[in-house]
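Taking it in order: structure first as structure tokens, then the write-up.
As written, the chain order gives the labels A, B, C and D, with residue 1 at the start of each chain.
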């Protein structure tokens, strides 16, 4: 087990290295010049060049890469070219809104989606099943920003139950946090619920056809216990997997949702940085999100051993 | 002066009292409902939450010409001289005297000026700041070109000695665009003009709260208690900067509609720029005021690349201009005619130098037939026009689309290339062939005060490679500019300006595409906003 | 052989099925899955339901348990009476209460019938939780008690174990413990030993008998294996196409079967008595294996992995026209040997000579031209043909590889099909249009299309019903005679080995424990393990095909 | 009889390849979905003929107008006809959807086959694929569009690249499990070469899951295009797509919901249909579900 963990962690190294090189090269090939952003509309070419010089952008690529990696290994993601503040600082300030929203979304999604999927599989081909499937297909079919606008229109503009936008950290006010987080979370959750409910249903359908379910029924075990004690745990591995890989989807949704609901999270930070060619921030963010993705999937892999005793590494 | 249109449709409040299920559900959101208005202050402090036109990311107002950074500069810095609403320079930090030969300017700092760290503002600080500014600002460079010396003779006195007269000196250091000479402590201002500052100590009416600053998201200012405002009434950038609130928070909202909803629901107090198309949304709200703060507004322009065909040929440049219609551009860009006006003056309508010579086709719907004919005369060989279109800046998306259509109608072969603004600003600096990463035509917007004089308008520089993007080599305009600098009376200046206007329309240094204003919106408990091209927060009050 | 011959005339009837009819829900017009079957079981009785696959045995048991797949099957007629109530009319709740307390069931695959993520102790306890209320202590005591009764070793440890940590036999014991903990009147056992090795099978059968005696339970035992029937049945019900064709006490049925179908079924059961030895024609060795060894695993990355010895020191040779059988239980290494010989896996040590070429060390590429000399027929007839290819395409794949002309190859494919007893037009059909036995014939045809020197049959008849099994065995024998192929026959079934092999190798734990002529191995086993295997073969003293006792060997 | 059968006809081969179940049990849903999709495809393909206006023709005086006889669905912020733009926009959206599906499936298939069969290549390829998977697709796509400019091709490229690793993994897993099938082992013993086994025995196994996966990629690509447009990294406004029509109209969501409603409706109907068809295909082709119903 320990050996497995070590091996898995070591396997992260080449993956993250490839990500780092890839991201670095990708960005440096992108047209766009942060110096032009800093200088504004009236700058002359000579001024631009002087600014580029002072930012180190005129150095050869490999020098820039070595500098960057060198700093990276010391935990320093560099300094934002545009705002002249430390990338680590920017990220650590803005990661919490995203993390909080994402966590709440995952919790809401799992609480909604898993029972939906279980019941749909249990009542295979009933109206409940069709209902759940329709919802989950629908959840995949509407762009997330449209869902967000519809929620705002209904709950904020028409009913006036919830604020339109913004973010308050839960440490400041739980109520304030929830009031502002509910709509973004529900918006994000639609696609996530769709995804998890689908997978739960499919996985449960398969498990419900297994012999041990028949055994449980032959023991006279009640249906709810059959579903949740016997079937769900066996169906859990693919569900966990989809929660993990769905994380990438969540990031995509977060980027959009943060714009719609004006949440100062890392999704917006990244998009802004890409549009402004703020290389250190983009690199840091992509590296970070990739790292989190890899980490989450590592944790999920490890969690399999708790779900399923047959899985030993 | 201020156009005010308090929107009052007494319909909307009924929403509060929906009965039945809705009411019941509403109760479940009880906890949240009471928390909807965070902007209402804690402990009697008044805070204005304002949504600005863009996020603040660069904090050095000298290194960039970005408007949001300039606005930030006006919050925390002060200037020696400021322009009032009559375009007259007025004393702000300093009074001045001018020698009879117009070569020596002596500035005397007024009493009570303090930096936010408690140190007094000295003449040495001002000299260092002016020097750094002079390296970046094009107007400033012109002055320093003729400067013999700039010295602090004592703590309060600055002596600026010129080699030859520069009649517009006070106008130039008093201008609010693009780079005003903000006064910083000497230790900050003595740094390189190419590296952004990291010490944000100013002497302006607000203090920058560094620990609450989130680049691109929010920035907080607190009232500077030790600031001593002038006694005069505020007028544009001049007069007394009397701060009447405790805090101002600028927040950025990426979504225009969300911003408006937030203003209606009272989550924010102020929107600097409202897209004209969205104004109807605000009409239903009684407690929101929509108004115009800056009557001059913006000039939208097109600029061609003089280095490559087809626009290296003056006839073809003229043909292109002839094909365009300001009405079409502005109508598409702004829509509501209340907020735009066709204007053929390159120095902007409503400014002292305004003159509309040579702009007939532009302001009367364009002349496609004439353009066709000119093209034929010029022997246009169907060289494609690479037209750069930014996709992510709302105020710049319409011009290229409208222009492309008009140019195609006139017989141009238009290759419109979409890109984000960043790519555009990088690419417009490229002098490569249009087919190899260069360009032929792009559009941008200027605030009118940024182009209202030949001294500062970047498009009127005719020094080839040293000129602004497009790089015209135009000796005639350089002569005219020199003539303008030498002109010592407003009448003479107007005369030269008219010549420049005529020359521009002949040579098509750039195409003025008309003027538009951006309305602002505020909650009605925000009062005392003075008219100004810069959204300033002094004199503003917030009542409960 | 001594059959059970107790009388149940006085015993009470536990279960009485009358005219039970089960139909497909979505095709009610099709022939019923169960057609008016009737049978009754008395307390203490073991009733065997025997039949080939698809005869409706399992559906009968599921119908009794009320576990028919709801969306597919439904009982449309008849009654299932137990203690005076018709189970078919019982509500879901009532039926659930009955399960495990009155009727229990054990299933074929102990591998899959236990919940893999629950400790087995908990799974047994769940029965108690569902049907009764006991204190935690009492529950544990009862579970430990029942686990002792099914003779599980190291009960405390197994109580906390997960199913995958147990052997197949242990798992089946857990199933039995679960089934009888509440002492039901009726125990339904659906092929409970089919997936087990013979030696384990023997233990489980005797355990069921023991418990049945102790608790007086009635047992409905479903099996396809006549040997098992001979060992345990009181009464036999023969099923065919959803009908019960014959019901009789076991002795009567085996001695004097009345119905043709029963006779056919019995005649197909291969005898444990080896065929008379064939004269050895000394035609030269087609396959020589020397010192073959295969070790799996070994060095891992960072962690040293345990290596598994799958086969070691295996040597034998097969002359042309002769058949060598490799017999052993699961995990004995017999399939590993076959796969090494075919170079589907690479042997760790040893030599393999086919048609006088050493192939154990050849590179994959160099090996390819030699492949044609040795061919294989796999166990699973449903997976051994590419479902997307016509039979013709499959048959000519090999010949095309050896450079044969397409038209000629196809012509020959048709000949091969008639050779294996299939119509020639089968070339243009797809595998799913054929039955398992037919597909196995096609697989054989595909193998002999290469004109190999050696044909390896890896459990080639194990998945087939006995009647089909007999036909395929006969086909193999005929082909061998006609073509002079050497046959390597891998099987776990001693009866099959006895019928087809000239020589037999017995393997255990990767080693050869006995190697001799078939007659010697079966009638005069030297090694204890071989003896145990033979002892464990159910019904070994009965000659099913001739309805009589075997002469004592 | 005994005409030596030629290699089975293409159609037969494909039908065989996806192993259609004997009984087709299709509900009304998928049939409606297929009809809706067909209708959308036909309308968008015919857009040059049937759109009442040029999708690019602007009328500055007719901005943001409601439905009228000239403009049945009203006009957008440039005074362009919404109806014409919506039906023309479908072409590009569908092109991007189908293009992303086809290209990522083809490339993924090739890489996956290689990876599934050659151990050495597998280790390297899978590391690269893992890395690509780790980068959130939407960020990667924005960066790629920023790199190549917002043309149709670069959007297509940006959407396709992140899908490839998923296809590779799918193909690889199918290949790895199909390798164990006895008929593949039989082919080895029959002396078939590796490329031949790879292509003739293993590849067809991937077709069914790839068809299903392809539909999902198609649907998600159309959606991603919309999101990229929303984030300002989509196809330029000169070429209408459902995504950029919505993105342009989004600021008018409250004022003129029709600007989002119509393209949104088309897009959602289209994706809904594709997803439904994908689900149907999966239910029919997935052997595990078949087993359950058997």
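Just so we're on the same page, a residue touches a chain if its C-beta (ideal position, glycine included) is under 8 Å from a C-beta of that chain, and two chains touch if they have at least 3 such contacts.
All of these numbers come straight from a predicted model, not from anything done at the bench.
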Hey, which chain ends up farthest from chain A, C-alpha centres compared?
-> C
Kindly indicate the chain pair that has more C-beta pairs in contact than all others.
-> A-B
Per-chain C-alpha centres versus the global one: which chain is nearest?
-> A
Calculate how many whole Å lie between the centre of chain A and the centre of chain B, each centre taken as the average of the chain's C-alpha atoms.
-> 38
Once you find the CA centre of chain A and the CA centre of chain C, what distance in Å lies between them?
-> 49
Hey, how far is the Cα centre of chain A from the one of chain D, in Å?
-> 23
Averaging only over C-alpha atoms, locate the centres of chain B and chain C and give their separation in whole Å.
-> 86
Two or more other chains in contact with one residue: find those residues in chain D.
-> 146, 149, 232-233, 250, 253-254
Can you list the chain A residues in contact with two or more other chains?
-> 31-32, 149, 157, 259, 275, 277
Residue numbers in chain B touching 2 or more other chains?
-> 255, 257, 261, 392, 419-420, 422-423
Give the pairs of chains that touch; include all such pairs.
-> A-B, A-C, A-D, B-D, C-D
Report the residues of chain B in contact with chain A in the complex, numbered from low to high.
-> 15-16, 18, 22, 25-26, 29, 31-36, 38, 55, 57-60, 63-66, 69, 136, 138, 178-179, 192, 194-196, 198, 214-218, 251, 253-255, 257-259, 261-262, 264-265, 267, 392, 419-423, 425-427, 429, 437, 444, 446, 450, 458, 465-466, 468
Chain A touches which residues of chain D in the complex?
-> 127-128, 130-140, 142-144, 146-147, 149, 219-220, 223-224, 226-227, 230-233, 243, 246, 250, 253-254, 260, 264, 267-268, 271-272, 275-276, 279, 288-289, 291-292
The residues of chain A that touch chain D in their complex are 14-16, 18-19, 22-23, 26-27, 29-32, 133, 137-138, 140-146, 149, 153, 157, 202, 205-206, 208-209, 245, 248-249, 251-252, 255-256, 259, 270-271, 274-275, 277, 282, 285-286, 289-291, 293-294
So in the complex, which bits of chain A are touching chain C?
-> 3-4, 6-7, 10, 124-125, 210-212, 214-222, 225, 229-230, 233-234, 307-310
Would you pull the chain C residues touching chain A in the complex into a rising list?
-> 65, 67, 71, 96-101, 104-105, 107, 109, 112-118, 126-127, 130-131, 162, 164, 175, 178, 301-303
